[in-house]
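By letter and in written order, the chains are A, B, C and D; residue numbering begins at 1 in each of them.
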């Protein structure tokens, strides 16, 4: 592009991000080799899985944890920390 | 002041989403997620170059708060500017919070941090300490513990110990700035959030150092982030304490520490640390623990 | 010039596989380039590495977009990444998988169960080196002897037992691949 | 209008005061110190209401804090010199990349080693590619006027770039000159309240300074286009400026160029000396004129080429040096002329490094050497300070 043809984009041409939390739509589930599976019958709703998820991929609902597989990278902290075995690990693509 | 008594008290509101390019199981990411629960959306996170710099990646960010990344060595001075900018424009109720790694805090940004603390700027400075320059692939910093292998302190024939330099006692240094200084752990979120809540209410500088377990650098299975964080506290590797007005307060006291072995064997960075190295590390930990016990509830700095 | 692209996930050794192919070809007297895309090598994240092999000095640089061979270390990537991108009808797409995957490409699709071979021989899922046996079988670009030399060179800091196990895995993969 | 006797440092401080800068991070360094001391005194006396005067621990932190405050929408002023400007270098790129209209007075001083306290322009010109707007004043009145204009230009939505206003250390910074200090009302009329749309505000969370992938080039291009836009804005603001303050400036300062066969190209305070020498040489019948570069970035190509197109020979007088190359502005001038139909002869002179004297006799000597070069058809690159050694 010739110099004089480069449009001046105003605020759009400034390297800032103006949409808070926009990363929520990014699919990081593609990184996952294993996935957490929730078994509500064993769940005591202690919130441990929700609190310890580094990617905020577990939403807390009145019914307990809800796993967001778009954000879950499969670190398995939730499975490791669940005190009642209400979260188990399943191989991705199995 | 908002006070939390148990995990159940921790707010269900998040100002942090998924979708970042942080490693699966990233400790520092979790730290920021938790911190924002207390800080809320009217917060500016000032970040220094490091792992967390890659949380936002244009055009997306996992933050529902504001963020400024300036460079690696100037988070505290950037924060001071933001603080006064906000105050002058009538936005004094917004939080200015630094989220910086240990390399940026202990080493290259120390002058900036020390000045902001000495001036008692109304800033919360959180150092997520992964005990290395993590984002460049795990190299030595002055926060790296004795005996840790890093890419710039590899074990070799001449030096089987890896890092032979004892890490800085940053809490003591910050305590000597007459500010609020505290350690925190991901495995004790109630304690961490209470410290943040307290810092938020203070009319001055607060320094909170969070052990930021690093799955890639410390070389452990990402599922173990919380287990390792907890063990660090139980072994005395990362005691939980705070210093205010020069007085020491040990937050988690134990009659007996677990041996450091248990902590070391979970992580690749300590693999092949010779027995004399383990012994020396244990000595250093015991000395520090004894000092904390001795000065607990007393003038420490 | 011969061009190879390797698809894997952070932590699966795509970079190391490229390095070993490069070393093997170099041992055979070729000019080589091997490299990985830098910056996104988080564990589990889709990553790529590349090799160029030539008789004469290589004047191309950067990303390979017209590979002769594509190696896919992890078949779960097939749903995520267009691994066949740039392959022609003369190309080979080699996937680490028990079954021959269904991929829309003019290239010849081959599969080898490198994970099982690695588990049988090395005892760990080290399928990045294992798969190179199949590469040697399907292309004439590197020999098994050269691969063995590359393994010794690249793994020299590891115990001899592990080196031998890797060599066995490569040999086994060479034998079963078809 | 009533004049006041102030130094260059004080003139810059007056600029900061009149624009109602909200935040002034600072760190002392000779020869700039008097500027921030002046502001400190005013701050202590309550003459800067609503302004926070922030003492920092390094120039690096000064510019970092400036970025922090500007990123939340504050109008920021600071000043520095020499090593301090170099210590800021990294953050200068960041401020420009974030498009934060910070204004800084730079008081030029030669760089170490060896140490000199005196002026040359290497510190200033080292920031040439940082993305900042770069203005260079000739006298104390222009220092103040440039600070006022710098804010107006930098904060224009078509520009949004930081700006430095340079003056020569000692020669201007520590020299009292009578200048007109405008009234706060006049300045308020010229420079409206700063209301940026791209910074962090309450209820407007913004991520400033994120990493990018291939968009990097787009943002760099926008930095460039914004800087080019400033050329138009600079010309535009002159009408308002003249209407309110009664003075007018141009992209370049032309002195006796109408019929000039020989042209001296200068920057900063030595231009005044050169103008005096030119008046004397004109009396002797020498057709010599002067082009003073007052806008270094964005580079006013057309104005420079237009002013030089009829010259037979040009002497570029550089108060700076790029070792291994020569004067820094020498090749910039040649490049600007390169596509003209008829090319003048261009010689380069490195003069006045580290405060070496800038005398009329030197200017005359350079002019005569330029005449020799023209006669011989052979340009030169000369290190003028060394003549007497």
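As a working rule, contacts are C-beta pairs under 8 Å (C-beta built on N, C-alpha and C of every residue); 3 or more make two chains touch, one makes a residue touch a chain.
Source: prediction; values computed, not measured.
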Legend entry - Most centrally placed chain - per-chain CA mean versus overall CA mean: B
Legend entry - Pair with more cross-chain C-beta pairs in contact, given A-B and A-C: A-B
Legend entry - Approximate Å spacing (C-alpha centroids) for the pair subunit A, subunit B: 23
Legend entry - Gap in Å, rounded to a whole number, between the CA centres of subunit C and subunit A: 31
Inset, instruction - Find the geometric centre of each of subunit C and subunit D from their Cα atoms only, then give the gap between the two centres in Å, rounded to an integer. - result: 57
Legend entry - Rounded Å distance, subunit B centre to subunit C centre (Cα mean): 40
Inset, instruction - Send over the residues of subunit A in touch with two or more other chains. - result: 15, 17, 20, 31-32, 73-74
Legend entry - Numbers and ranges of subunit D residues touching at least 2 other chains: 205-210, 212, 215
Inset, instruction - Spell out, as numbers or ranges, the residues of subunit C touching 2 or more other chains. - result: 42-45
Inset, instruction - Write out the stretch or stretches of subunit B touching subunit A in their complex. - result: 7-8, 10, 12, 14-27, 29-30, 33-34, 41, 55-65, 67, 186, 189, 215, 221-227
Legend entry - Complex interface listing, subunit B residues touching subunit C: 21-24, 215-216, 222
Inset, instruction - Could you pull out which subunit A residues touch subunit D in their complex? - result: 3, 6-11, 13-18, 20
Inset, instruction - Quick one: which bits of subunit A touch subunit B in the complex? Just the residue numbers, please. - result: 15, 17, 19-28, 31-32, 46-48, 50-57, 60, 68, 70-77, 79-81
Legend entry - Complex interface listing, subunit D residues touching subunit A: 97-99, 157-158, 160, 197-198, 204-210, 212, 215, 218-219, 221-222, 224-226, 228-229
